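In what comes next, subunit A is part of two complexes: it sits with subunit B in the first one and with subunit C in the second one.
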Partner chain A sequence: MLAGIDYFIVIAYIIGMLLLGLYFKKYVNSSEDYFLGGKSLPFWAIGMSIVVSDIGALDFVGVSGQAYRYGVSVGNFDWVGSVPAMLLAAFIFIPYFWRGGMYTIPEYLGRRYNQKVRTIASVTWILFFALDLGVLFWASAVLLNVLMGWPIWISIISTAGVVGLYTYFGGITAVIMTDVVQFIIMFIGGFALVFLSLYEVGGWDNMVEKISTMGPEYRNHFDIIQPQDTKSPFPWTGILFGLTFVMANAYMIGNQSIVQRCLTAKNEWHAKASMIFGSALKMFIPILVLFPGLMAVVVHPGLLDGDQALPMMIKSILPPGLVGLMFAAFFAGLMSSVDSLLNSTATLFTKDIYEPFIKKGADDKHYLKVGQITTLVLLVVGVATSPISSDFPGIYVAIQTFMSYFQGPIFAILLLGIFWRRTTEWGGLSALVIGIGFAVYLNVFKEQFFTIEDPFLYISWWSFLLSFIINITVSLLTKKHTEEQLEGLVFSSKILVKNKNL
Partner chain B sequence: MDETEFNGRLKEAQINNALGVFILVFGIIILFAMIYTETFVEHMTDMTAGLLLISIGGGMVWKARKTMKKLREKKKNNMEI
Partner chain C sequence: MFNFDWLSGVSQETAKMIFLSLYGLIGVLVLLLPTEYVYEGIAKEDRHWYNNLKLWSICVLAILASIYYHF
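Moving on, here comes the complex of A and B:
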């Protein structure tokens, strides 16, 4: 448990976050303010927010743990697994979403294919986000319980109260701006940890030498590219096909909570710049999360649970004050993931489900209220379902696996939707439905198809490939869209050179 | 500068001011935490982190207030004309 100054810092951080988040209430007067920050935010804030929401506290701990177990190859997720995809998103996809004045990714799919594709994509994301919410509430509560000694239910309700209040009132502006603070604190605390850890292990060369002599299981710890028959979940084939080609692109281009941030930019230049700036910042993430995990191999050898590596390093290496700051950043990481899910789910529900199916053509204040009420309902659902996580310890992994079911198919229809004029509504719909079904099938019978324990990278790749082929085949057999229907929705080389200020 | 641009820039400055204050206060707390450290390295780490936060926060507050002042003066001049 934390004591003294560190305890005070965590409390001050939580209260400060609440006050800061509530400050942004004054900027919310319409549904556009609530869901898109009034399209007025600068690129640097959005870029920082993208990085922070991508690397939440659970990933922070998880990546360090994997670096402890498998070495530097986990860094692929933040380098080849992010940077190329973010650049592709910045130059090709974001301009279309931004120029189209869209609120959600399914909205693009609806315009490019049909309403059914939009609804299926939206409902899938809503289900995923809603399930994830309970898990994140539970994780936050466990963290508060361990650090501060608060009972679990008090911890859950305080997290929900703080995050819920500022997300309900401040909308996405509050979400992004609280991320900026978290980013700065995470980077300063993280670099302090790396610096002190290096000092503790006697420098980089000394650490490499020590780890290399620790036994055969550490032989590949410094190989960024792992052989295909590796015991780790990161063989090079999976990294190249599953991660670089599919999951990274699907995440950076097709994930509502990431793309929605870019749509809050004040103009198209800022929207693109936010992704490019985010990709530059992303390259530092492995240094912050991977290195402490590696150094823990020397400082705390023989940990049974690799996920303990980072918390152990923070407790044993950082001085008083920074321990509190880093744990506050952890907690803020969880808060950031929760507030992103709340706001994105409210946007998806209001724009893709409520507006087209429940009440069309109502005034803007009505949709703002619906967004806020949806946030409250999600908060209650998240709190009520959070204890389920304690009964199913593997639920976080299961939810991430669930995400790999639909990322491949969604990316396949997004990619063909933008780059191939001939793709049709039936092509998109069949690719989405069959692709998701195929991913579920592969996962259920994974022992028969794959030799590694957790083949989520391969499942993404094969479901993407099947969806891609089905989309092409069905599109060629069905009636194509007219040129008017495709206007502003398919690729044109002009998008690369011209900015448009709406 | 039209009304929308003016409001946009004012909003950005106000947001930066709020963020800056938050980061500045945290920097001061970390600097204060120096008195709880034991070794020289710990002492220096807290001091560097604290000063870095204070500079970032202070810089944001200074820049935001300068912008807000400039914008208000511009608005006043426009109204006088």
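Moving on, here comes the complex of A and C:
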């Protein structure tokens, strides 16, 4: 439980976020303001928002737990798993999406392939995001229940009320600007824990020496590259093929909640710079989430559940006041994930489902209202479905794992769509459907195909590769698109020189 | 095949060199981008070395490569 000063910090944080978010209500007058912040935001705010949305409280606990079990190789997910992909996104994909005035990734897929591809991609994201919302509401409630002693339903409604209010009124501008404050709180809380933990274990060298002498299972704890035959989920082959080549790119280029932020930039330079600035900040994330897990090996050796590493470190290392700040940092991670899901799902529904299928050609205020109502409906759905997490404790991991299987095929059609003019609508559609089916098949029969625990990196690579091959094969057998259909949708070296209209 | 057994002979040191080479390759590709393109969106008179996105990218890649070299 928290001390008095901790309560004060947490309550002040929650009220502060609500007021800050509501302040941005005055900037929302159109659907472009609501979904794209009126294309007026600076790179530094977007970069911070990308980073804080990507890392949630559940990841804090989960990654620290994995660092406790497997060592520094977990850092690959932010280091090699983000930076190269963010540079590719910044210099190639984001300028196309930004110049094209797009709101969603499925919108690009719809223009490049056809409406079916757009709808499949959009509906899949909407379903996953909506399910994720309930899980995150439950996680917030459990945190508030354990640390503040609030009843679960009061906790769920409080979280939904605070995040829902500022997202409903302020749209993506409120989401991004509250993310900036959440980022700062997360970094202050996280670094306080890292520095105090380092002091507790007697410094970095002392910690390395102690862990290295703890037995053969810790022999590779400080090797960022794990051998191909490791039993951990992170062999270097999986990191290179599954993470670096596929999942990282799919996440940074094909994830609506990430890309939508860059589309709010005030000009093309800010859009590119936001990704590169975000990639620089991402390099610090492993320090915040991985190092406490490593230091817990020394301070709390022999934990049966690695996910207990971070809570144990907070309990044993941090003084009153900083516990409250760390809790606010956790809560910041959850709030930033929830507000991103709300706004991105509202954008996907309004732009990819409502506008093309339910009411075409309505005035802009109508779509703004639809976006706001969708946000409200999602809040209700999230609150209503949140108890599922209590009945099925593994649902968060299940949702995240399944989302990772969707990413290989999505990246394959995005990559070929933008770099190969010959790709056709039937190539894209068949690659998406068969690729997702293949990923599900590999997952169901994973014991027969793979030797490592949880082979999601390998599955994403092989489903990407099959989608890539299917797309090429079917495209070559079907009628190619005309030059008019491809205008502004396929990479051309002219974009690097001067033609802003591509 | 699904487990990349055909790469089992590659040592961890060689694998690390593959990652470092990858960063080097990305760095070269970034340097090849036209300077005009990385400044797109900024007025000509406001273009300075500190808002050259090539420089930002190379710094990020250099830090990342040094982390990999260290571990």
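Heads up, the rule we're going with is that the second predicted complex is superposed on the first by the 494 of 502 C-alpha atoms of A that agree within 3 Å, B and C clash if a C-alpha of one lies under 4 Å from a C-alpha of the other, contacts with A are read in each partner's own complex, and residues count from 1 in each chain.
One rule holds for everything that comes next: contacts are C-beta pairs under 8 Å (C-beta built on N, C-alpha and C of every residue); 3 or more make two chains touch, one makes a residue touch a chain.
Fair warning: this is a prediction, and the values are worked out from it, not measured in the lab.
Of the two partner chains placed by the overlay, only subunit C lies in contact with A:Trp462; subunit B stays clear of it.
Once chain A of one complex is fitted onto chain A of the other, the partner contacts of A:Ile185 are limited to subunit B, with no touch recorded for subunit C.
After overlaying the two complexes on the shared chain, residue contacts for A:Ala280 are found with subunit C alone; subunit B is out of touch. Once the two complexes are laid over each other on the shared chain, residue contacts for A:Lys272 go to subunit C alone; subunit B is not touched. Looking at the shared chain after the overlay, A:Val80 reaches subunit C, while subunit B stays out of its contact range. Of the two partners subunit B and subunit C, more residues of subunit A are touched by C. No residue of subunit A is contacted both by subunit B in one complex and by subunit C in the other. Subunit A contributes residues 72, 75, 79-80, 83-84, 87, 90-91, 95, 222-229, 235-238, 240-241, 244, 267-273, 276-277, 279-280, 283, 442, 449-452, 458, 462, 495-498, 500 to its touches with subunit C in the complex.
Looking at the complex, you find that subunit C touches subunit A at residues 2-5, 7-8, 10, 12, 15-16, 18-19, 22-23, 26, 30, 33-34, 36-42, 51, 53, 56-57, 59-61, 63-64, 67-68, 71.
On the subunit B side of its complex with subunit A, the touching residues are 8, 11-12, 15, 18-19, 22-23, 25-26, 29-30, 32-34, 36-39, 41-43, 45-46, 48-50, 52-53, 56. Those residues of subunit A that touch subunit B in the shared complex are 4-5, 8-9, 12-13, 16, 20, 23-24, 27, 38, 40, 42, 45, 173, 177, 180-181, 184-185, 188-189, 192, 195-196, 199, 266, 318-322, 324-325.
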